[in-house]
Amino acid sequence: MKNTIGNSLTITLFGESHGKAIGAVIDGMPSGLAVDEKYIASQLSRRRPKDATSTPRQEKDEFSILSGVFEGHTTGTPICITIPNADTHSSDYGKMQYKMRPSHADYTANCRYNGFQDYRGGGHFSGRITAALVAAAALVIPALNKKEIKINTNILNIGGETDKEKMREKILEARQEGDSVGGTLETVVEGMPTGVGEPWFDTVEGMLSHAIFSIPAVKGIEFGLGFNFADKMGSDANDQMYVDGDVVKCYTNNNGGILGGITNGMPIVFRTVIKPTPTIAKEQKTVDISTMSDTTLSASGRHDPCIVHRAAVVVESVTALVIADMLTSKFGTDWLAK
Amino acid sequence: MKNTIGNSLTITLFGESHGKAIGAVIDGMPSGLAVDEKYIASQLSRRRPKDATSTPRQEKDEFSILSGVFEGHTTGTPICITIPNADTHSSDYGKMQYKMRPSHADYTANCRYNGFQDYRGGGHFSGRITAALVAAAALVIPALNKKEIKINTNILNIGGETDKEKMREKILEARQEGDSVGGTLETVVEGMPTGVGEPWFDTVEGMLSHAIFSIPAVKGIEFGLGFNFADKMGSDANDQMYVDGDVVKCYTNNNGGILGGITNGMPIVFRTVIKPTPTIAKEQKTVDISTMSDTTLSASGRHDPCIVHRAAVVVESVTALVIADMLTSKFGTDWLAK
Amino acid sequence: MKNTIGNSLTITLFGESHGKAIGAVIDGMPSGLAVDEKYIASQLSRRRPKDATSTPRQEKDEFSILSGVFEGHTTGTPICITIPNADTHSSDYGKMQYKMRPSHADYTANCRYNGFQDYRGGGHFSGRITAALVAAAALVIPALNKKEIKINTNILNIGGETDKEKMREKILEARQEGDSVGGTLETVVEGMPTGVGEPWFDTVEGMLSHAIFSIPAVKGIEFGLGFNFADKMGSDANDQMYVDGDVVKCYTNNNGGILGGITNGMPIVFRTVIKPTPTIAKEQKTVDISTMSDTTLSASGRHDPCIVHRAAVVVESVTALVIADMLTSKFGTDWLAK
Amino acid sequence: MKNTIGNSLTITLFGESHGKAIGAVIDGMPSGLAVDEKYIASQLSRRRPKDATSTPRQEKDEFSILSGVFEGHTTGTPICITIPNADTHSSDYGKMQYKMRPSHADYTANCRYNGFQDYRGGGHFSGRITAALVAAAALVIPALNKKEIKINTNILNIGGETDKEKMREKILEARQEGDSVGGTLETVVEGMPTGVGEPWFDTVEGMLSHAIFSIPAVKGIEFGLGFNFADKMGSDANDQMYVDGDVVKCYTNNNGGILGGITNGMPIVFRTVIKPTPTIAKEQKTVDISTMSDTTLSASGRHDPCIVHRAAVVVESVTALVIADMLTSKFGTDWLAK
């Protein structure tokens, strides 16, 4: 289904970095949810570049809700949100039409779209499209919160550093060198009901990973102990259980709240790795596809030396959309509004 | 869509570990593919437990093709493959109906299915169901191979060991201690055409991970450098490019053959982590849900001290199914048979 | 999605008329529904040919439930039902491999499957496959009935006759002449909750028609007044409304219980037309695709002079599956079992 | 999937009659199709009310393409088209918030959306939304035409009249009486390749009907002879066949180009019935849901005395979208652009 994800609550993305607008259609929303435009704006603001740790491109993200909201509430019909593109320097990219940025999607876009893609600013592959995801998720997060479901993403490390101050230094250092850094995020979902998910194929892990790998630069995801399970003995790794009042709990949460693809009531915990931004000022070897010849590239234009900190709200947003979809599938269309 | 995955070429799984049979329906197959029952049997044999490194449960996996194959070729209509369950010791499990095996799906199954699940041998959550995946994939792998697309999965480590002999020792050691070990697999897909995949949401990473997290015990997946991207500088991590004849190649393959969710012609490379088998003989703290009280459990019955080696063919099989689906979506229904 | 239909509660069909077995996988069933094998058998019996008004082919329809049912109840995992083919006279069909039966699917099957289809007895196009639909629906009908939702299909006319006795005569007459007759069915669903369905695109009409056109020989469907709306004035056709206690009702039901694609609480009413069975003994002009030449065909073998009466239970079954899916989507996975 | 239809080429609708804008997202388009904005405008113009036979509401339908088109061609990424609502007289509807228009979707919308629907002008149920369908289809129709696939819809009758002049009189007469009329449309698709469609469940009939029943006021669809099959003998109804050069043809086309759910190369022929516009000036009995009491309603505001003539282009558009989707599924993503 390409640009649509979700079974009961779906999101369809559209837009290119330097086109008229980007946006999303959210369908399957229950009717009667209060829509808080200030909250949407505040979430978009979390995603926006703020200082020297990010790109100088400044978008106001003045979103517009075209449909599906009436008198401050969701109607239950599809909500189309558009965000116009304003601060576009397309000329920065024009000269890069045929020079493929290494590790970016330029070359694969050209393969996929036979040369017809809007190459300016990464086009449909741009991280800018994630603003639409953030706006869409901002419609469901308040409803999840009301159900005591809380989603939180923290930065574990950036450029190998785990200390906030040092992470910042590392980013500024990379920027100065015309280079970039990556990092790791950890997301925790608290308050999930038990029994959500399926063994085949719509496991919680599978549903989340499917969506989260769309976020540009994500190259890995692990749940609970994740890759650290490889070295553990079963007796050490297993989450032993106990009864707490009328609730079953685990002494540990090595499985990140999911067993057999289904929630067990412990917090969902997963980590995603964000690769270093591929667009860098440093000279790199690449190809010119108009002449099919080798060349080099030193990216000019405005780039992020790091997107890990900006990605946190995006991971939260995608998580919220996936979880809201799974809950709606299980409990019915109107459950989120009850 | 729960037990069905795929857009153009789909697979639907059914069955419980100790029910009459497990099986799969594969739909969207092109007509005219030769069906090699010996190859299916040989793939199933790769999955079967062979010696002391696995469970003593021996299933012949005598599959039966009920439909969709006529005179040795696929008809293009759905293929139902069933594999009867023969060597079931249900009594081993009867006594465990209410004692939840830690880190297994017993408790989440109970939450999801309100106590009506077939609890014997893990029921629908059993690794046994993966035999149906292997059989189904064995229908498409020869067609992929004919297109020069090859899928290979290697064991990187088991119980922390990277040497084959030591891995084996580690498993036998775990077995003797009534314990279990996990490990890591690496899968390489060679020969993929460029331009396969989508930026949102059906990235190659997203499609593969969605399916692969269904394989019991998989808790993480990473592509290319994966979590090692977190410490790298962009200038170091980027895959610089060059022209080789009329083909664009990369000097490195840190992105594992996928950029912007789309194949770039380099091999697809990903790693999956398999957690230690949760069912162990060692005593563990757990709960009895019939009385909602704390208890302990020392699993008897037949268990795998390690499933990493058996999982390799399963990961390959799921990969084949996902890739065949993506190719069919892009190139049309009959492409695989051309 | 080809051989799968449904969003929340899905059915996947497989099988050919003269293959090993036909069957269905039903997924998305709530756990805990009592499974009544006698009821399934009785529904299959309604579909079976009984006397001279139908084909002499006699199938016992001895179905087998391979999965998803445990201790007499649905587990919530996919239910695979298989029905072996027993009374097959494949030789009747062998000689017809290249002679296309007019108005049957022989030629289109050949186009679709490039000559690899199982041509015996109509293969995957055979009305026999509907037995699997009937068996699958027999799992959900009791649950619908418990919710006071009743589905009933009546024969309106056969071969132009509206009187039961005359219908029967007409069929026997057609049989004697080596010919066949069609007819019209009317289906009524009582007890549907209001507010089920969507304006775009999953209208009740759209969902039902999508599924019902799969039943072989159905060539039209109309809801409420249907094609008779064409001659009516709005003032005459509109269903005027009144309040009855705390329920809104209509004086008439010209819209067949659906407005804007959504149920209004009045009975759902629709009619389907079943064309005359295409396989007839009378000589017809046709083509031989092995030689690409004109020829004639007088079908031997066993055929139904009429399938309208046998189709009634099939239409009811498909209706039940569609309605159960829509209710599950709206009210959640477990609603049918509550 | 509610407001999304299609498997490979999908359309997602959004918008309400009196909201900011209506629109559609079209996904799965091949890259490289020329986009002809004048043609889109001309198709929208065919749908627009023109004289006394339609509503006086005049919308310029000044559409905007927000994404997916670059330098005059489709990029292959989702195309979002929006059409702002301009000529809205919301006050006409305000007073009707609680008075349910008989045979309109007012009451079912209220049931479905729990009172949160945008009730103005029919909201998301308005025929106005079909403008987005027409605009979307105008992107693919030129590509279909290039493949020699032509879609044409004719009016068979309006208000019982089959003569063009008398149809017009009938509409004006109805208008004068504060009443409305319905009618029947016939659609013919020429040039379809053979072998398109599936026996279960994605028959051509099922796919078309699923989508076409979304068009407001459609209450029946029949293919080929449709309901007239009921009175025919098989020998009379069957489409006998012959070889014409290297092509198989039928002497008649009673099955409307579809057998076993699959195209046979003859033109696809189907008829749809459009009920009389439910909103009429004549007094009707209805209910006030704010007080749950009986009342009467004489609709003021601007209404169509007939929508049959305006619906023709909508039926063609929906047909184009469904056919383009089925062709894309069969022949691959880029086929339409080849």
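Letters are used for the chains, namely A, B, C and D, taken in the order the chains are written, and counting of residues starts over at 1 for each.
Throughout what follows, a contact is a pair of C-beta atoms (placed from the backbone, for glycine too) under 8 Å apart; a residue touches a chain by one contact, two chains touch by 3 or more.
Since the structure is predicted, the reported quantities are computational estimates derived from the model, not experimental observations.
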item	value
Pair exhibiting more inter-chain C-beta contacts, C-D or A-C	C-D
Remotest chain, chain D as reference, centres from CA atoms	B
Chain centre separation in whole Å, for chain D relative to chain A (CA means)	36
Length of the line joining the C-alpha centres of chain A and chain C, rounded to whole Å	44
Length of the line joining the C-alpha centres of chain C and chain D, rounded to whole Å	26
For chain B, residues contacting two or more additional chains	1-4, 7, 13, 77, 112, 124, 199
Complex contact set, residues of chain C against chain A	7-8, 77, 199, 329-333, 335
Residues on chain C engaged by chain B in the complex (per definition of touch)	1-4, 10, 12-16, 19-23, 25, 27-28, 31-32, 64-68, 70, 73-80, 82, 112-118, 123-124, 334, 337
For the chain A and chain B complex, residues of the former touching the latter	1-5, 7, 13, 100, 102-105, 107-109, 111-112, 124-125, 129, 157-160, 174, 179-184, 194-203, 205-207, 209-214, 216, 218-227, 229-235, 237-243, 246, 248, 250-251, 254-256, 258-265, 271, 273-280, 282, 284-287, 289, 292-294
